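Pasting the structures in now, so scroll down.
Paired with chain B in one complex and with chain C in the other, chain A is shared by the two complexes that follow.
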Partner chain A sequence: MIQVDHLTVNFGPSVAVRDVSFSVTQGESFGLVGESGSGKSTILRTIMGLNPDWSGSIKIDGQDTKSTSRTDLARRAQMVFQDPYASLHPRYVIGQAIAEPMRINKLPDPEKRTVELLDLIGLPGQFRFRFPHELSGGQRQRVAIARALALNPKILLLDEPTSALDVSIQAEILNLLNQLRRELNLTFVIVSHDLAVISYMCDRLMVMRNAEAVETLSREQLRSRDIAQSYTRELIAAS
Partner chain B sequence: MSDTLVEIENLRIAFPREGGMSDAVRGVSLSLGREKLGIVGESGSGKSLTGRALLGVLPSYARISVDKMVFDGIDLTAASPKLRRSLRGGRMGMILQDPKFSLNPVMRVGLQIVEAIRIGDKKLPKREAFKQALAVLEAVHIRDPERVFSLYPHELSGGMGQRVMIAMMVVREPDLLIADEPTSALDVTVQTQVLSILDELVTRRGMGLIFISHDLRLVSRFCDRVIVMYAGQIVETLRADRLNEATHPYTRGLLACLPTIDGPLDPLPVLQRQASWLEARP
Partner chain C sequence: MSVIADPIIDPKRALRAARIAEFKSFARRFARNPLGMVGLIIVIALLVCAALAPILATHDPYLPALSDRLAAPGAEYWFGADELGRDIYSRIIFGSRLTLLIVALVIVTSAPVGLVIGAIAGNYGGWVDRIFMRITDVFLAIPKLLLALAFVAALGPGIVNAALAITLTAWPPYARLARAEALIVRNSDYVNAIRLAGASDFHIIVYHIMPMCLSSVIVRMTFDMAGIILTAAGLGFIGLGAQPPLPEWGAMISTGRKFIFDQWWVATVPGFAIFIVSLGFNLLGDAMRDLLDPHLRQRR
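Here is the complex of A and B:
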């Protein structure tokens, strides 16, 4: 579903991601874990075409992202950001925010679909008339997920989806994401610094450090501590 | 010096809202010795407000009422603004969550520490203050204090920034340190490091510490006692090493809803909030 080969991302003179390769199959949930600055979010943003300066190849559904138009890419993959306070337009009501991608892509009947989406993520339809500041953090993150699902993408790229939330709300959002992945047969790439969240959510994971991939593990390997790199052990010990 | 450093009885904080007041803290009582006390709760539970009330840095529109608020024998309810101002920074310090927002972005961090020192002791020669600032940077395990001294906040990593914040707060050796989510913005590996530095300083200098966090497990590893707050009230006080014996359903729910590396993959248990938790407690 996603095939990343020899990806290198530069920010001016500094290298944010160095020669990273991984692949994610249809319906799989893949985790990227590491400290801040290790390049994990940069990979997500590059997949979505948000970084101009990169080399290597990224294929989504067999199609090279360099030759894919932005709208086409947006219909295949969508991103959910860390901070739901910052990622929703403060002067758009929720309904507008969710319908915006549908309007850009000229999909039919955005109003009806907005209500369906709100229902899907567990908020009453009346919420479409509210502003983001009238919602709690968890509710906002639900809205961000609904917006990401508006174009029926096959892939969700989740950048620290729960680290701005309380632990009690985190559980609700993680449960919701798992349920959506099952029901809609989605493919996930989840970035997190929290190994516990990754171990709970992901079938496989890649540990990153200083712009490079340290190792890739299956959940079983992580749980049986079948680990080759000492850095991964350090991370487990710190969690 | 008495054993009890802080005593608060029946603290209430309310904010004006459309059509009345909304209560944010509803009758919190606690006492603190020279120990590490954790306050845990979700956002909006009133944990940060409690810490801020003690410092006296709540916004002017907040309505505060308290039966008793004593810091080391000083009655804070009767203290003049001037006295409270001199306590802040001097005998009470506060570490905030995110060094990015708490340090002055256009001032070298070393000079910010020097400023903190010289506010406390205006007669101290500059040279001496510089020396103290370098020493305290070393005390928070910054390897190259001379270099870090002349950096700007944006040139520091999160962990380094937070250590600078801690340095600035401990340099005047306060008796009480209030740390409001001091490690939430940091990576797990750095988190442990910052916590052990904090622990070392607090233990060595015999400070009282109020550690405010939403992370129950972290707090229980680090503190002696833990207060759990829900909707402006204390629902439970626990010894940190006896967290697993928590009886209140809210505390138990908070513990259960965390995923663990080796935990089951079933849906996580979600907190079922009960209206009875909101009722006044005896």
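Here is the complex of A and C:
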């Protein structure tokens, strides 16, 4: 579903991601974990085309992202951002924010589908007419998820989806995401610094450090502590 | 709450209700600022004067009455009469139309130009930004009144030319302002999110960046109006703005200059009008800034 080969991303003179490769299969939930600055969010942004300066190859659904148009890419993969306070336009009511991707891509009946999406993420239809500042952090993140699902993507990239939220809300959002993955048959790539979140959500995970991939583990390997690298052990011990 | 229709059935009305509620909370916060209210009242008074000038005026502002030359303020001429015996009060009232006309002309032309240039420069960055901003710098480097003077001198005096001349010097600050906002907004997650949804640059600039620049621009606009009135009066004073017999306030001061020691009211009354109106716009601008400026307003 997603195939990343020898990805290197530069920010000017510094290297944010160095020669990272991984692949994610259909329906899988893949985790990227590591301390802040290790390049995990950069990988997501690069997959979505938000970083211009990179080399290597990224294939989504078998298609090279470099030769795929943005609108085409938009219908295959969408992203949910870390900070739900910054990812919703402050002047748009929730309904407009969710319907906008559908309007841009000229999908039929955006109004009706907005209500369906709100229902899907567990918010009542009246929320369409609220402004973001009237919502709590968890509700905003739900709206951001609904907006990402508006174009019916098969892949959802989640950049620290719960780190800006209260602990009590985190579990709710994670459960919602798991439920959506089952119901809509989605493929997830989740970035987090929190191993607990990753081990709860992901089938496989990749540990990153200083812009490089340390190792890739399955959930079973993580549970049985079948770990090759000492850095990964330190990370687990710290969490 | 029961008045609001079921939003599922009537989405348009519910959307309007949400917008009205938003506006009401804005109005409530505005009303808490007494100086801002004073400014608003002055500006509304100016608008009323301009709209109802024929009703409010007691005399024909253009009709000379030579027997009443330079009459002192009194029952017949509330603010006195000028050197041709025209009622100064009526001329002030009609002059408010000219003032508003110039302000409106300048704002309508300069703010959108600046906003568009700034938003485009900020959104694209790189060489587009560099070219647009250097052009802006060139205009900013020339003293305002001097450029306006040169422009009017070249095109000939008159209200429209004066407005054009002021516009020429008034748009660069808007471009600067809009660019600064756009630079912040274009990297924000909500713009990224909509970019990922396949939105074009045009869509992003018009529907996402410009609305976010708007509040700064409106604040700046309200402040600018005071400056525009002063510049227009200045041009009128040196004879390059509105031409006689138009009752433009700056031109009125200019003719009153000759009599300032003996018939003080001829120059003082229009001067006072300019002062009050500028003050009103400044107070209004201050209040607007307190409410709208994204750098002062804490995250709600």
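Observations on the model:
Here is the rule we use: the second predicted complex is superposed on the first by the 239 of 239 C-alpha atoms of A that agree within 3 Å, B and C clash if a C-alpha of one lies under 4 Å from a C-alpha of the other, contacts with A are read in each partner's own complex, and residues count from 1 in each chain.
Just so it is clear, a residue touches a chain if its C-beta (ideal position, glycine included) is under 8 Å from a C-beta of that chain, and two chains touch if they have at least 3 such contacts.
No experiment lies behind these values; they were computed from the predicted model shown.
After overlaying the two complexes on the shared chain, residue contacts for A:A171 are found with chain B alone; chain C is out of touch.
Among chain B and chain C, the chain that touches a larger number of residues in chain A is C. Using the contact criterion defined above for the overlaid structures, shared-chain residue A:R223 touches chain B, although it does not reach chain C. Of the two partner chains, neither chain B nor chain C is touched by A:L184. In the superposition on chain A, contact of A:L195 is made with chain B only, not with chain C.
When the two structures are aligned on the shared chain, A:V93 is found in touch with chain C, with no touch to chain B.
Shared interface residues of chain A, touching chain B in one complex and chain C in the other, do not exist. Chain B makes touch with chain A in their complex at residues 42-43, 157-158, 187-192, 214-216, 253-254, 257-263, 265, 267-271.
On chain C, the positions that touch chain A within their shared complex are 7-8, 11, 14-15, 17-18, 22, 188-190, 192-199, 203, 208, 211-212, 299-300. Across the interface of their complex, chain B is touched by residues 35-37, 137, 166-172, 174-175, 178-179, 193-197, 199-201, 222-223, 234-236, 238-239 of chain A. Taken together, the chain A residues at the contact with chain C in this complex read 48-50, 70-71, 73-74, 78-79, 81-83, 85-91, 93, 95, 97, 100-101, 104-105, 111, 115, 125-126, 128-131, 133, 144, 147-148, 150-151.
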